[in-house]
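Just so it is clear, A, B, C and D label the chains in written order, and each chain counts residues from 1 on its own.
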Amino acid sequence: MNSFGRIFRVNIFGESHGESVGLNLDGCPAGLALNLDDFLEDIKRRQGGNQRGATPRKEDDLPIFKSGLFNDTTTGAPITILFENKNTRSGDYEKLRAVPRPGHADFTAHAKFGGYEDFRGGGHFSGRLTVALVAAGVIAKKLLKTAEGDTNIEVVANILEIAGEADLEKGLDKAIAAKDSVGGIVECRVTGLPIGLGEHFFDSVESLISHAVFAIPAVRGIEFGTGFAAAKMFGVEHNDAILDASGKTASNHAGGIVGGLSLIHI
Amino acid sequence: MNSFGRIFRVNIFGESHGESVGLNLDGCPAGLALNLDDFLEDIKRRQGGNQRGATPRKEDDLPIFKSGLFNDTTTGAPITILFENKNTRSGDYEKLRAVPRPGHADFTAHAKFGGYEDFRGGGHFSGRLTVALVAAGVIAKKLLKTAEGDTNIEVVANILEIAGEADLEKGLDKAIAAKDSVGGIVECRVTGLPIGLGEHFFDSVESLISHAVFAIPAVRGIEFGTGFAAAKMFGVEHNDAILDASGKTASNHAGGIVGGLSLIHI
Amino acid sequence: MNSFGRIFRVNIFGESHGESVGLNLDGCPAGLALNLDDFLEDIKRRQGGNQRGATPRKEDDLPIFKSGLFNDTTTGAPITILFENKNTRSGDYEKLRAVPRPGHADFTAHAKFGGYEDFRGGGHFSGRLTVALVAAGVIAKKLLKTAEGDTNIEVVANILEIAGEADLEKGLDKAIAAKDSVGGIVECRVTGLPIGLGEHFFDSVESLISHAVFAIPAVRGIEFGTGFAAAKMFGVEHNDAILDASGKTASNHAGGIVGGLSLIHI
Amino acid sequence: MNSFGRIFRVNIFGESHGESVGLNLDGCPAGLALNLDDFLEDIKRRQGGNQRGATPRKEDDLPIFKSGLFNDTTTGAPITILFENKNTRSGDYEKLRAVPRPGHADFTAHAKFGGYEDFRGGGHFSGRLTVALVAAGVIAKKLLKTAEGDTNIEVVANILEIAGEADLEKGLDKAIAAKDSVGGIVECRVTGLPIGLGEHFFDSVESLISHAVFAIPAVRGIEFGTGFAAAKMFGVEHNDAILDASGKTASNHAGGIVGGLSLIHI
């Protein structure tokens, strides 16, 4: 299934060189003001803007609201948003069929779907669908800012490394010089969460976040808090001493998640 | 929810110092021979046997079948298995209530459940529940060996490092000397999978595996294939060249998963 | 949630007087030929065609395929279909807001969604969304006809009564004379099913069918086989004697469902 | 799957002549007082007590709590409850294998599970499992009475007819004289619900209730409000006029459910 979430459920659909990609979002409460402007900043961040090294494909990526909104406000009914594909050159992809691209789903999708997959530009497997993930994120973030949900939750993501370089310009230079894609590391910090989000075991915060993060094509690893460095640590070093009854800890090796549940940390 | 799986669904329950922990497994096909002996090896591996440095808690961990089996064979009905807790000293834990242990769910569970949590030995958050995960794995692995499912699938997990040492004895020595718990790294290799397992995006192989793996307490990171090392690579280095129509690749940086789908690799 | 199905999952969306209503269908296998013509007959049946007494609202109801199809064939990716709303006169509905219609969701939806609901023509609660249900049914029926699935399964539904009249013309006359809507009874027969579809208890055939059928607005009751008449019968009258090893029964009071599972019956 | 519910999820398991049947309940909030006494009344009602015509099988049906409770209070962890089977005579059932009982799952279960089903007394398909449904209901009802949930919700079920007789003693006499099982009609009234429970279409109140009700073996039909009698009515007769802003209606043909959502009705 291409869906995620039990109460706030995200369904994404569409193909890289189809008419559009999109989002069907079920479970969003009624009464959330939502319009085009809410989406522009995050959509632009995804595109990479005029940044050097970004994909040459240029799309407007303006959300087209098909359901679930009335007078620029959510109604409680499922929300459907389309993003049109305009900058497609499908002809270019016919030749790819015979030669599946390494590192792409061309070969595996062909085997799985018996040759019926839309192979143009990766079809449904394209990174293009991440625009629908961004749209879902925009709505989720705005929900967290509403009166009822307001707990000063902030979600901030930054690029830590490009091509092994902490100096991002230098990393981009390497990629541009090589005329190749490069790897990188992104850090995401969420602050202001209430204590106790998440569930024991299968719905632990780490389980749910990693499930969603690995839905993003090309992600190869994830770590929380100290992450893999914890493998070299003793318990006494790693475990974050609790300082007071508010749950404040002296260190944050656990990434603010203990027992699969969120723990406050300044 | 403490469940995982859409077709073969695992529910785990129980508390560290309750009467038992257990497994309720729905969706297991009828006709799979299953008895006590099938579980012994993996349960023993989880306990650490007589290995130095293992937990001092000793339990028989013999599965008690409560439903879903008839004449030592699965019936197609939900399977319930209990593991009794015998080696418990709950009195010891009363004092812990006032002082939540760092690195454990004591504090977060208390906040989440308003003080109603079973706090003895971590209660439902205890690593003790992993015996139920092992039991589910035993059944899953045996299913893969049945006539219908037989594709020579092998699942092998090994400890790569303990306390930063590739020499596991040396790592254990460090832990024992420090009288502390230590971190480590485990590698899991699955071979013999058919091509095309997994789904696009949210049900990618990486999403589902990481979801399940982070259900195991104390896991701090996961990587597939080259993992975090891919962050320093160019596309031309990382992408595994496909050698022939069988899907064989020249390298395996992707961990045998492309586009979220399994890809054969010898 | 406005979705149904665990493996073949139907999501419907849209509003009566929005731009469109639609279907997002996840889990449909790849390789099913599908085009506009497949939908026309069933969509026309839903509209009531030129039948006397049908709704005056006239829509083309031509499916617009947005995702999941390539070369008129399903790809295995989620299928999105839109049906445009053209014949809407939203202005007419402003006045309804102050006076919720009896027998419609106007009042309950207003209370549930705090006044943010799209109230025009019932909004998301409109019977208009059943066109999306029909579209899902078209695809499901065609799947059953494919080589792999072909078991001569036939699904036939007939109107048994209109306004208490078995003579449907007479029933329509009564409704037209009264200038009112009228009740009726529909019978659905499914033949050619394999034995054993359905699951014990919660996923019994009756549970799943009734769940879906009551998603249709205005349905007030459902019965299987002898239905409510069984309330007056003894076991010996009701229970269908099994005649031979094929499962053929002498009568069919159970509606072809025993223990929640499908049973062959000629 | 033998489970029901998205937030409060009921899993039932066990076999008629196995060691026990039981309930695994996930999603029950922490802090609900719960002990043996809470279950006795409803369990006794299910057994039929000393009522004439009840099943001769006598079981204690005392709930045995295996997980999720601590100090007679729910902890927020999954709740597991067993009911032991003591009054079983499995030997009697060997002969049934060759002659599947009409009106029971013997034949269909055999076909579905390839002969691996536990055939003793219906195995997992036995009405015996309804004791687990009753246990889930006990917990749900008690939750509704807690401070947070208290809205004076009352759930009352009554037998309206036995063997076609509104005089229940007379109906029982007929059954006893015939030495046969008989049909009947049960009415369930729920009062005190808040307005707006349920969701549009697939999660309508009728969809969810009927899904659960048809999980009970031998149920052949369900109707809401006027039910099948609505088939003979005009809209003007059937639709319940709304009297005031509280949602009070002049009649209740809709069974207190409009647009799939609950509507207050005195």
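What we mean here is this: contacts are C-beta pairs under 8 Å (C-beta built on N, C-alpha and C of every residue); 3 or more make two chains touch, one makes a residue touch a chain.
In this text, all values refer to a predicted model and were calculated from it rather than measured experimentally.
Looking across A-D, A-C or A-B, the interface that copies C-D in more than half of its residue contact pairs is found at A-B. Across B-D and B-C, the chain pair carrying more C-beta contacts is B-D. For this pair, subunit B with subunit C, the centres built from the Cα atoms lie 42 Å apart.
Computed centre separation for the pair subunit A/subunit B is 26 angstrom, with centres defined by C-alpha atoms.
Taking the mean of the C-alpha atoms as each chain's centre, subunit B and subunit D sit 36 Å apart. Among all residues of subunit B, those that touch two or more other chains are 1-3, 6, 12, 77, 112-113, 124, 200.
Subunit C meets subunit B in the complex at residues 6-7, 77, 200. On subunit B, the positions that touch subunit A within their shared complex are 1-4, 6, 10, 12, 100-109, 111-113, 122, 124-125, 129, 161, 163-164, 175, 178, 180-185, 195-196, 199-204, 206-208, 210-212, 214-215, 217, 219-228, 230-236, 238-242, 247, 249, 254-255, 258-263. Subunit A meets subunit C in the complex at residues 1-3, 9, 11-15, 18-22, 24, 26-27, 30-31, 66-68, 70, 73-80, 82, 112-114, 116-118, 123-124.
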